[in-house]
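Should a chain be cited, it is by its letter among A, B and C, assigned in written order, with residues numbered from 1 in that chain.
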């Protein structure tokens, strides 16, 4: 068991609580930079996809996991980031400006959307964002002069430092673009969570009344959370467009919104790790299913038949199992396993026992 | 006359939305959770009925099939609560929302496995029959849908407002712990409400399958039923039906009089407008948490 | 000199009168208790001060400010902190993080600086922690410092709530039933803390409490309410023997 003797206030403020943690995370970052030399091109592409989903997951995690505002409409912001980036690039804006700018645009629009959304809570917000996501699908079709409508538009390769980067031609360079983006986003996210802003997010999530009594301006806090969340999601959207190459209204359908929310619930709501864990599941589940289908096909002698809806069916069952048995997601399970090793052999079964809880209404009796 | 026929077909569709919305509202009233799978429940109900009734499957008589389908749907509702939802009481609202969406995925998958993905319709005694009066021709199935929906809503409304059990349900929803202390059997009530919402979904499914064909993705009209429930103010049963009718009527008129591409967004646009300007729906008052 | 002033405050919810033409004032540096049967309007008075409710009529002044011209989230900045009747802590955070939220009203950095965690943010954070550590020491919360609220016993949560309110550095502390649900020992601790808060920190205390033992031990003046109106006001002894109060609590004296 590692015991921390705290001798300075900085110790609590540090991103990594001790040298060991710093070492582990440094190793992880070095390993991810070495990935192109470990994996073949196909799996590197899959890794890139996971990273992009993880960025989107981080965006939604900030809003839903840490501020407690459930959004079923984040595909709309992915779309906004993607289209604004692609259109900016078409107009000749260089990558290093267009990429952050598309994030800013998405963030600002997110804040504007937040103004009416501020009055909505819980399920109402979820339903409103769901409706928004459905509407955006149709709006993309209607705004054909900009978006190309159903036939979609094309995201040009990145020109950076005299190099042309695209997913197929230079998969390694594209992987690095995604990797650098996610490292910057994660670093900023972790900083927010150790400063007053992050605490005010959590305060709004856990109890709006007492947050207010502590001087937290609920409306402003939610707006900033929406803005930052959408800004991060916009980056993921721009990368998704680059990854897909060509995209249309279907690319960012409401199903993507739902998938994104499911992803962070499986990963673990309210933890940065959760966005990564969830993205790994989302990214590799289709591979896993197709591989296991082949095995099953061999076993029972039939061919690998395509079963429509299988992916979502299995995904749904995994999700139900998680919410029932491990509501804190993969991250929650991970914390338990870690604690088991740290405390070995003193881990007790009841340590993480959930308290019996009753539903208490948010409505006034 | 065209307007009148648009109106009736809109009303009949609206009734189905309203019935799904009733399911949302009942569960919301009793557990403060929203069942995002209610639309898929309806679809499941339709397929269960088809499974009992159609010659291709069991081929039971129509009336027997109805009773059997509703019993099965009630049991499914009860078991879902017993096995899944009861265990997640007290989890964050986001988790419960996602849980019910996941349930919808699973229902769609299972229905696809059992009954396939081809559109199917219910063999029934009233299909294709018309009622004509004063030069207006109405489909008998449309009229049946409207009448049955109105009767069912009235019955549920009276049940919630008048009966002791209905009142206990409302108490259970407002403060589970307090209701529990006051001797309200909170768990049993929740099971009952889920069973009831399964039955209502079954009725909606049967009515829907009487009017047209269903396939595993039919449940997605649940999203329109959301619009209905929200427009009606999530806590009110007559409000839900009214919301359903509004959405149902808007649709045929929008597609008749609005340019293509704009018509299908009408229900969602209305939903957003209501949420922006009257966040608690057209027929409910806003309430805040007490400390 | 009065710190808090209620002038003819009335609050109606539809047809129900929750607070009826209530006037009282709390002096700087005193412990002032509100007592009365359930539904007398004590917590409602707190919620009026917190600006959760808008009075139907009347004025509330605090420290020379018109309280009614401030939003709920600006009340803390004036120097008013409170606890809640049924703990309203941030359940999925540690004790330390809960106390740190108390420092929110002193936040000077903006979110851009916080994203990059600039040296000024670090400096402010260290200051916040110094303040919070003092409170942790004062309330003997060291054993629970890094524990999640969700797993803590009820009595400890009450103390954490007190600590969170103190962390805001208030001029006036509002305690909504600080002793309810506490054991005898915990209630005694609470009594000494309230005394220390008033004497050492010079903070005015306004509290709602049913435990008359605690009330008469710590408070200078007591206001008894019934049905939203003032019944009696004075020292604890005076109020406890007031015939109107006895009648409200015990019903008609035979």
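One rule holds in what follows: a residue touches a chain if its C-beta (ideal position, glycine included) is under 8 Å from a C-beta of that chain, and two chains touch if they have at least 3 such contacts.
Note that the structure is predicted; figures quoted are calculated from it, not measured.
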Between A-C and A-B, the pair joined by more C-beta contacts: A-B
Of all other chains, the one whose Cα centre sits farthest from chain B: C
Chain centroid nearest the full-protein CA centroid: A
Chain B and chain C: spacing of chain centres that average the CA atoms, whole Å: 46
Averaged-CA centre spacing for the pair chain B and chain A, given as whole angstrom: 32
Interchain centroid distance [CA atoms averaged], chain A/chain C, Å: 40
Where chain A touches two or more other chains, by residue: 209
Residue list for chain B, restricted to those that touch at least two other chains: 291
Multi-chain contact residues (two or more partners), chain C: 52, 84, 88
Touching residues (chain side chain A, partner chain B) in the complex: 64, 68, 70, 72, 116, 119-120, 122-124, 126-128, 130-132, 134-135, 138-139, 141-142, 208-209, 258, 261-262, 265, 269, 307-310, 312-317, 319-320, 323-324, 327, 356-365
Interfacial residue positions of chain A with respect to chain C in the complex: 9-10, 12-13, 188, 191-192, 194-200, 202-203, 205-207, 209-218, 224, 228, 270, 355
Residue ranges of chain C touching chain A (in the complex, touch as defined): 50, 52, 71-77, 81-82, 84, 88-93, 96-97, 100-105, 107, 109, 111, 114-117, 121-122, 124-126, 128-130, 133, 150-151, 164, 168
Parts of chain B lying in touch with chain A, wherever the complex brings them together: 28, 31-32, 34, 84, 87-99, 101-106, 108-110, 112-113, 117, 173-177, 180, 216, 223, 226-227, 230, 234, 261-262, 264-265, 268-269, 271-272, 275-276, 279, 287-291
